[in-house]
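Each of the next two complexes has subunit A plus one more chain, namely subunit B in the first and subunit C in the second.
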Partner chain A sequence: MNRKIVSSALFYLAVAAIVLVVLFPFLWMLASSFKTQVDIISWPPKIFFSPTLQNYRKVFGEQDFLKYFLNSTIVGASAVGLSLVLGLPAAYSIARFRQRKLAVFILLARLMPGISFLMPWYIVFSRLDLMDSYTALILSHILIALPIVVWIMSTYFSTIPPEMEESAMVDGATRQYAFWAIILPLSGPGIITATTLSFIFSWNNFMFSQVLSMEKTKTLPIAVYNFLSYAEVDWGGVMAAAVAIMAPAIVLTMIFQKYVVKGLTMGAVKG
Partner chain B sequence: MIQSSFTERNLQLLFPLPAIVFVAMLMVFPVLYTSYLSFTNWNLTSGAEPTFVGLRSYARVLSEPRFLHALARTFAFTLFAVVIEGFLGVAAALILNRAFAGKSVAKLLLLLPLVATPIAVGIVFNLFFDPTIGLANFVLQAFGLPPGLWISSENSVIPSLILVDVWQWTPMITLIVLAGLAGLSEEPVEAARIDGASEWQILRLVTIPMVMPVILTALILRLIDALKTFDIIFAMTGGGPGYASETLNIMGFKYSFEYFRMGQSAVILVVLFVVVFGCSLGIMKLRASSEV
Partner chain C sequence: MRKLVRKTLVALSSLCIAAGALAQAPAKEIRVLLANHPYGDLLKAAIPEFEGATGIKVNAESLQEGQLTTKLTTEFATNSSSVDVFMTRPLQEGKMFYKNGWYEPLAAYDFSDYPKNVMSVATFGARTYIVPLVTEWQVLYYRKDLLAGAGLKIPASFDELEAAAKKLNSDSVAGFASRGKGAAAVTQLSSYVYNYGGLYLDKGVAVFDSKPAVDAIRFYGKMLGNYGPKGVTSMSWENIMPLFQAGKVALWTDASVFYGQIIDPAKTQVSVDKVGIANFPAGPKTNSPFIVTSWGMAVAKQSKKKDLALKFIDWATSKQLAAKGMQANITMARSSVWEDKAILARINPGLVETRAFAAKNGYPLDRPYMSAVGEARDLIGELVIDSINTKGVSPNLEKMAKERVEKVNELLQDTGEYGK
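This part shows the complex of A and B:
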């Protein structure tokens, strides 16, 4: 009996340690974002302090963060939307006609280092006068979203029994109609997974936007990074900016937790 | 009617065609163009067109100590990060692999580092590692240890960056392994227990071998991403101090977008591409063989 209590105490201690390590940087970031500069640079670090909103006022007032927020949303939503248009039929075809090589081909876009496309894009987009344009940025972000959509949806479609559309086809419907009218309406959970995950990856992307966007189309990660480089001492503002950029992805994750876990672990666990 | 039957007969080509064209234009063509540029000595700031110089850019870059160090550093960073993440991630998964109050909350919390914007994570850890006001040194002091320089010293910058990578990505291993463990059948474990095996023996001889394919796949997925680590390094050190934390990805970025030496940068990108491609081929072979 005693042993049981000790082992269960040890277990909860271990769980608490894991959770604490995971959470700590978030809590500390959040705390710092409500601290004045004086409180941040005081030593030893202050656990108790009177919170202030001045950092957030600065980020959303003096900095044009709402604009960057909007840019990130426009780029992410457009890239994900277009990726669904391109990716859903491709994923269906991969699932039903077992096109493994095609799946690998599209997946390469996820595996390969982004910079090996980015350098040529930079040259081509400069010549086409597409630097700092939504077009270039959205195109680049489709290459982030599309492999995720294809990966998740081809796995999802293959879990839907082929009899679903075959019975409709016996009744004279075309396969493309059956895909549109029967398969897609059944695919809600898969589409939610693919949409959430690919939007988060686009939202968090730094490298593509850093090179392809300038003042007009600048996305949040770039704004946060720039904030660091010219406001080196203003840690409170930087932390508030970090909170602002992470909040939407975290909220999405909390809402769609089940789907995000499924999407992230799908690659390694079959079935 | 004829048109629709044409569509239907060629559905397996027509459905994926737009995606294929897109990927070909935005991935295949650029990679080919990069390969071509690696045989030139093009410098974008010179205004001249690329001229073919054969393998001269390769000879120049591949003999440069800065490149060789970046190459070795990329492997070292990846190896240490992935091994540490593997051990911690599997250990955490084995701990969490039982029913307990708050399990779903714990799993939600594990997700948060994975969706946190890497560039912002880097920035938060910048403050954490700050030698004068950072919490890292406060923790060291609390244990009676001397303060460290963390990312400000050439000697400790890579271990510090590995620490950040471990914090952010260990939960991915844990979640994947947890999903793998949930899919295992109970029978072998029960049988071993009836045969009088200790919990440690069951873990070592039954559970871990059964979940090994999942662990390996998780590690290789991590490996491919770790080779390409960019955001946290760029945000925290930009490759410095000096070149002490410069990986291939960072070096390629600087050659492309700071020095505009496209020919030499293309060489770096080709090497990085080959490294990542080699590892990706490895993963696919492994998946194929584990499917039989």
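This part shows the complex of A and C:
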């Protein structure tokens, strides 16, 4: 009995230690976002301080982060939406017809350094007068989202027994209809995983937005830099902006966490 | 299926064309890229006046300096930029931008109001390409209370600096601080090198393996290694300024641009009356701290609306706006604003005095002035780190310096700048 208590105490101690290490930077950021510049730099660090909302006022008042939020949401949601439209059938085809080379080819787009796409894109988009347009950003972010969708979903689809749609096809359904009516409804967790992950990757993307967006379509990761001035860093503003940016990603992950883990490990054993 | 593909393609391309048509710009409109810099903010706020007076619409965008360079480079390199006017860092990117032909020469601009040494980095050959906006120079920041408590006067030479740092150094307060993070330290090391009688480059040849230069690097390493804050080799101004503001540093050499922030009660824990600013201390050979044009403004060679762009740059670099900048504590490049009594009365005397000294005796460069300045800074930065880690007594420093000099000379040869 005693040993049981000791071992579970040790277990929770270890859990607490790990959680502390993992959460510490986040807690530090959260605390700093409510501090004044003087409190942020003070040493030893102030654990008790009188919180201020000044930093958040800067983020949403002076800086118009709501606009950047909207931009990031439009770009992320559209890119993920289009990636699902293109990627789900592609993943299905890869899973059912064993198009391994195609899958690797799509992955290659993800493996190539993003910066190698930027120059050609810049030329094309500026000739088409698409700079600072949502179209250009969405198209570029599809490059981020599509490979994730294809790879997660093709493993997911391969875990669904082919007999499922075959039996529908025996009854006269086309393959397309069987995919639509049988396979997709069975793939909820996989689709949620792919959506969440690709949305977060798009949400966090810095490089593409940096070059392809300007004032009108600026996304959040670029906007954080508004708080970095020449020879001056507004730490409070940076922290508050970072909290604001992370919040949706954290909420999204918390809601869908169960599915994400399930979707990622599904098919892991079957390979 | 093929029909579907065709339909999708048609829909997508019409979408592109529609979006393109919407983005067509009216004729009297220019695009201006500004830096996240107090002067950029000041311009942004004043732009409506310019628009009202001229009828030219200005699309201004502010970017953090690193982003600004990336964006300009991408746009210009692809030869499809729509930028008309931009803020630029002459020492960091000037040479590369000029060599690539990205600056428009400014033939009609009146440069008589700018100091000679400031203009040297804005001019290439017989032509001038950059209008200097802001200058900064190296100074010594010190804690008045700590110096007085130890019975010391303000260090005026390197020997006095070392003695003071030694006396003031304790477990809770670093006696001395300056940038220690490799490449970032190169600019702040430069005044030490000059005051020892050395240079980074001499007429297009790397010479920082000379005895004076190596002695300077040793001294810098000795000071930071013995009296610097812990972990100084990973510190740039972003790290040292908060330490100074938190009262953890007694003496600090860096650029004048930080003065405003260390005497702003909203940003510092140390009360304002305890903070002082002084001339950079003299070295064994001379006293010639850097005074550099940190920011300038230029017209893009690729601009299709150069007449409008020139109008804008005339306004944006005007004397009136420079006076406004001075009132906002920005150390402007124009000479006349530093002679205007009404303006000077509102500026901290410490800044006025140290600027006068640097403008008279200073050296207009704070880094190896070349296209591949980033790589060269990395190479010199390695020397700084080695020197700090060994507290200035590294037996290899001469050899390392020689190797780095060769590499920098190769970089110079690669771009055809060697010996020029």
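As a working rule, the second predicted complex is superposed on the first by the 237 of 271 C-alpha atoms of A that agree within 3 Å, B and C clash if a C-alpha of one lies under 4 Å from a C-alpha of the other, contacts with A are read in each partner's own complex, and residues count from 1 in each chain.
Definition applied: a residue touches a chain if its C-beta (ideal position, glycine included) is under 8 Å from a C-beta of that chain, and two chains touch if they have at least 3 such contacts.
Note that the structure is a prediction, hence the values are computed from the model and not measured.
Using the overlay on subunit A, decide if subunit B and subunit C clash or can fit next to each other.
clash
Which partner chains sit in contact with A:259 here, subunit B, subunit C, both or neither? Use first/second/both/neither.
The answer is neither, since A:259 touches no partner chain.
Have a look at where A:112 lands relative to subunit B and subunit C in the superposition and call it first, second, both or neither.
Only subunit B is touched by A:112; subunit C is not.
Looking at A:36, would you say it contacts subunit B, subunit C, both, or neither? Reply first, second, both or neither.
In the superposition, A:36 contacts subunit C only.
Under the stated touch criterion, which partner chain does A:97 make contact with: subunit B (first), subunit C (second), both, or neither?
first
Would you check which partner chain A:199 touches, where first means subunit B only, second means subunit C only, and both and neither mean what they say?
neither
Looking at A:226 after the superposition, I want to know if it touches subunit B, subunit C, both of them or none. Which is it: first, second, both, neither?
After superposition on chain A, A:226 lies in contact with subunit C alone.
Tell me the contact category for A:174 with respect to subunit B and subunit C: first, second, both or neither.
first
Between subunit B (first) and subunit C (second), which does A:157 come into contact with in this model arrangement: first, second, both, or neither?
Neither: A:157 stays clear of subunit B and subunit C.
See if subunit A has more residues touched by subunit B or by subunit C, and give me that chain.
Counting residues of subunit A touched by each partner, the higher count goes to B.
Using the superposition on chain A described above, determine whether A:208 touches subunit B (first), subunit C (second), both, or neither.
After superposition on chain A, A:208 lies in contact with neither partner.
Jot down the residues of subunit A that show up as touching in both complexes, subunit B in one and subunit C in the other.
On subunit A, the residues that contact subunit B in one structure and subunit C in the other are 40-43, 118-119, 122-123, 211, 225, 228.
Show me the residue ranges of subunit A that touch subunit B in the complex, using the header's touch definition.
My answer: residues 11-12, 14-15, 18-19, 21-23, 25-26, 28-29, 32, 40-45, 85-87, 89-90, 92-94, 96-97, 99, 102, 104-106, 108-109, 111-124, 139-140, 142-143, 146, 150, 174-176, 200, 203-204, 206-207, 211, 220-221, 224-225, 228, 235, 238-239, 241-242, 245-246, 249-250, 252-254, 257, 260-261, 264-265, 267-271.
Can you list the subunit C residues touching subunit A in their complex?
15-16, 19-21, 23-24, 35-38, 59, 61-65, 67, 70-71, 74-75, 77-78, 80-82, 237-238, 242-243, 245-246, 248, 255, 257-258, 261, 266-269, 294-295
Going by the contact rule at the top, pick out the subunit B residues touching subunit A in the complex.
These residues of subunit B touch subunit A: 4-5, 7-8, 11-12, 14-16, 18-20, 22-23, 26-27, 29-31, 33-34, 37, 44, 92, 95-96, 98, 100, 102, 104, 106-121, 123-128, 132-133, 135, 138, 167, 171-172, 175-176, 179-180, 183, 214, 217-218, 221, 224, 227-228, 230-231, 234-235, 249, 252-253, 256-257, 262, 265-266, 269-270, 272-273, 276-277, 280, 284, 291.
Please name which positions on subunit A make contact with subunit C in the complex.
So the residues of subunit A touching subunit C come out as 36-38, 40-43, 118-119, 122-123, 126-133, 135, 210-211, 214-215, 222, 225-226, 228-233.
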